[in-house]
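Chain naming follows the written order as A, B, C and D, and within any one chain the residues start at number 1.
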Amino acid sequence: MGALPVSYTHLDVYKRAALHRSRQRLRRLGTEGLALQFGGAAGTLAALGDKGLAVTEQLGRELALPLPEAPWHTHRDRIAEAASVFAILTGSCGKIARDVSLMMQTDVAEAFEPAGAGRGGSSTLPHKRNPVAAAAALGAATMAPNLAATIFAAQVQDHERSAGPWHAEWPTLPTLELVTSGALAAIVDIAEGLDVDVARMRANLDTTHGLIMAEAISMALADSIGKSEAHHIIEAASRTAIADKKHLRDVLAADARVTAHLDTARLDRLFDPMAYQGASQTLIDRLLGSLDT
Amino acid sequence: MGALPVSYTHLDVYKRAALHRSRQRLRRLGTEGLALQFGGAAGTLAALGDKGLAVTEQLGRELALPLPEAPWHTHRDRIAEAASVFAILTGSCGKIARDVSLMMQTDVAEAFEPAGAGRGGSSTLPHKRNPVAAAAALGAATMAPNLAATIFAAQVQDHERSAGPWHAEWPTLPTLELVTSGALAAIVDIAEGLDVDVARMRANLDTTHGLIMAEAISMALADSIGKSEAHHIIEAASRTAIADKKHLRDVLAADARVTAHLDTARLDRLFDPMAYQGASQTLIDRLLGSLDT
Amino acid sequence: MGALPVSYTHLDVYKRAALHRSRQRLRRLGTEGLALQFGGAAGTLAALGDKGLAVTEQLGRELALPLPEAPWHTHRDRIAEAASVFAILTGSCGKIARDVSLMMQTDVAEAFEPAGAGRGGSSTLPHKRNPVAAAAALGAATMAPNLAATIFAAQVQDHERSAGPWHAEWPTLPTLELVTSGALAAIVDIAEGLDVDVARMRANLDTTHGLIMAEAISMALADSIGKSEAHHIIEAASRTAIADKKHLRDVLAADARVTAHLDTARLDRLFDPMAYQGASQTLIDRLLGSLDT
Amino acid sequence: MGALPVSYTHLDVYKRAALHRSRQRLRRLGTEGLALQFGGAAGTLAALGDKGLAVTEQLGRELALPLPEAPWHTHRDRIAEAASVFAILTGSCGKIARDVSLMMQTDVAEAFEPAGAGRGGSSTLPHKRNPVAAAAALGAATMAPNLAATIFAAQVQDHERSAGPWHAEWPTLPTLELVTSGALAAIVDIAEGLDVDVARMRANLDTTHGLIMAEAISMALADSIGKSEAHHIIEAASRTAIADKKHLRDVLAADARVTAHLDTARLDRLFDPMAYQGASQTLIDRLLGSLDT
């Protein structure tokens, strides 16, 4: 991690933490959410005489499923909760994939999916490294919300036997599981082989000619001349930097109102992105710590 | 409860238990799920200098929100979980409302929403008691799955600032909350005043001419002549009862293969729905017990 | 048709007309909506030299697809229109199936899906004829809206090559087509063999003790005593009929304010549902006429 | 238009054509799709005596709505078609907005939404021009598919009176119309003031060091040495160009297998993107022509 600019590590542990929260949701689903459903024709276990509850318990043991208080055949909130856990995980995979596909753009080129024979390449457009895994996860994230919506809609069932909604679950829940599994596999693939171009990341930061550090300079200057005046000076200097295609530091270094309070060495330090990280390291450590739970 | 046929009480505690499971989901959302989001322009709290974490803690206390490990602005799984909890609750309300609207049909007439001045009546069709609250809950349950789907879809956000998906949450999440709240209010209204016609429920059971007890008779007969033979006899007798518009008991009472094992008094007892409840009472007690947690 | 009560014929031609409107949408899709997509790596046909347009035309002929003005690879409105046509048709099938499943209820028993060996029956609950085809169509109608939503969502594609949304179409559009096809097959099955119990329909009408004719009586009485007074009398009489479990005709026949204007023979005619059809026959003829277009 | 590189003009007329197809769908909706609904309590117009059809016609004239064959209160395919037309238009707006937001990225910087006082700027991050209108359209395109799904789902209505689904239409259809209208307004705003940086577009094309022209070179070389051999040579040269960070032209100019067939002047021409446009101009003219219909 030490070799990576903090900005990327920062993103990364955020992504890992999002996936970890979904892992915790999946775990809870297995231990509490998805309970055995077994009830007979009318949900009374009557056809089993006085053995209904014993059979229920034995079945739960064999299937390793938690026992519910009672059969729940047409109350599908547990199934809907499962669907939502899958959809949320797929959504997190989609968010990660979006970022990767944005970084893989030819004009950005900060990170790339792992290369491989016949993978993501194009002989027609050989400069491209297509986001193959990211596309899979983004496709999944386009589908999952609506598959989950079908499961939610199927909660509205007639009395003790659904005529239709239940049947809508049959193809939909397995499809949602496949889609979720596919999204997760794609993200694992990305996570295991993401090819990060640290130099390009830093170069891209530098293309803004120091403008990304405007807030840092403004805060430092505010210590001397107050927030409002500092904000005013930096905003005007930023406009000048953009209009004249100059580096913001050069504009500021030529402004006596600034140099009166921030000398050249101080300005240089303020323009180092690595020196304006706020609480990032603490936040990263906390997120890393949470992954063990 | 003793005065109601078990079949209805049975439904009722199932419905209450489904709502209770949603109450537990809502509670978990409040204590764990929905954590404070506070991070500044880049999620680093940098503009607050060394006070970022202290401000975060104070803000969490004032808003009574759990603290997250770190800001999570573009990782929206927590928001998606909230949306899913609302949608699942609305789905359970829709299921309850469906049952009520089915029972309110003119041809069924087993239960009715509370009457009231100007409510659900029709001067053009004065025999109707329209399912006003149930319609509200069913309308909500038609909307909620797709409102939740929008929130899931909005998880796919660009880097540290969403261009669009985040904005889709703004009108959608409050609408989902209103829809959920409306569905729940409608169900509370129904629950507090449902007008159950016990006599009609029993009369409707009797219109099947004993056929609903076919399983019970078949199980009793199986004790003497085996499952397969019992099933065969009852199935044929059921067909005869339907074709000849006779009560199943009368068909069976004329069949020596049956009367050899089940005398008239036994047959009469077997045709009492109250005597074929399986584990219902235990299941009901368990569900009732779960409501306290 | 003459043998059926108008009320059912009326429903029926409405259903057929709804399906016919979807047939017209499907036709338009075939002749205009779904045009050939062929454009090469960048949509310019450049790799075909000067033969691009000729190849396009020949391909359109061979696939019998209308030619677009230009390739449209990442503008998916045509695909979204196809999805919407499928979803709308499935919705109409769902509406028809809902009505059939409501009529098949044990307590209503007005119409039944065609019976068949092993179809929709239950040996445990032999009185039931389960709505097998209706359940299939209702299941489809639960899925189709959300499958179409995925196709709509997939319109948002990146530049000239989609990373994800396009891939979401691949499994979704064929699934939507299967679901639509299944819904339609179920409705054809129902339409070809629906078993209507005309006597029970009429008996169910009669269970309201004349209350369904309240509007007709009120209109007739209004000719003599004005709308407001007529409405007032009929509303009070309806309440009496419900409270005393009497036929509305008997309540009215004992009310001199009514009999002064409507004698017994007139009252009897007014309580005949077949005599209060409004413009039904004209509307039915128009709908039937529209089916030929 | 002459001043813009064809690649952008090409995108532009494609976008306009997509919007135009939606305009045609909206027109058809106005003239055919959305017909008057007027039918009275049971859809028979009976309460109007023999004036039902005349009142219907007059009402249609006053509301300037096409007349249907008959009332259609619980057959909602027309409403569903309207919703789909809105959702498809919003989807096309979302696609346009996605492209704009991608072009506005700091690292791409090819086009920008119109600037304006207080619009899309950030004093904290002054280098950014945030995609304000594009975000609005993308937010709308995140919502519209699911609002349309609710309308589709609401097609499944009970008999002649819906208990719930119809009510779900009430808030949803107006919201969908607002969302569509907002998306379209955002795109109009973009279309009227998009600030295109032609020089940056060309510069970005050049950053691929000629690799985007690989197909063009390969086709030209194939005329002399066959497709397979040409493909093989260009693919290897492309890998070399990437690995050595050289321009593809320089790699090819050093390869005798290439220069034997393509001299320097020819190579230079082949690397001009403006010379490899295929049928673009014809396609553009066709699309422009279609906008008048």
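Assorted remarks:
Convention: contacts are C-beta pairs under 8 Å (C-beta built on N, C-alpha and C of every residue); 3 or more make two chains touch, one makes a residue touch a chain.
Just so we're clear, the structure is a prediction, and the values are computed from it rather than from any experiment.
Here the chain-to-chain distance from chain B to chain C, counted in touching steps, is 1.
Common neighbours of chain A and chain B under the contact definition above: C, D. At the interface between chain A and chain C, two copies of one sequence, more than half of the residue numbers in use appear on both sides, so the contact is built from largely the same positions. Comparing the centres of all chains, each the average of its CA atoms, the largest separation from chain A belongs to C. The equivalent interface to B-C, defined as the listed pair sharing over half of its contact pairs by residue number with it, is A-D out of A-B, B-D or A-D. Annotation: 42 Å between the Cα-based centres of chain A and chain C.
Between the Cα centres of chain A and chain D there is a gap of 27 Å. Inter-chain centre distance (chain C to chain D, centres taken as mean C-alpha positions): 32 Å. Each of residues 41, 47, 94, 97, 102, 124-125, 138, 141-142, 145-146, 149-150, 153, 158, 215 in chain B touches at least two other chains.
Of all residues in chain A, only 10-11, 14-15, 17-18, 21-22, 25, 40-49, 52-53, 69-72, 74-78, 80-81, 84, 87-89, 91-92, 94-95, 97-99, 102, 138, 141-142, 144-146, 148-153, 155-160, 215-216, 219, 276-280, 282-284, 286-287, 289-290 touch chain B in the complex they form. Put simply, chain B touches chain D in their complex at residues 41, 47, 94, 97, 101, 122, 124-125, 130-131, 134-143, 145-147, 149-150, 153-154, 158, 161-168, 170-172, 175. Across the complex, chain A meets chain D through its residues 102, 105-108, 123-127, 145-146, 149, 153, 204, 207-209, 211-212, 214-215, 218, 231, 234-235, 238-239, 242.
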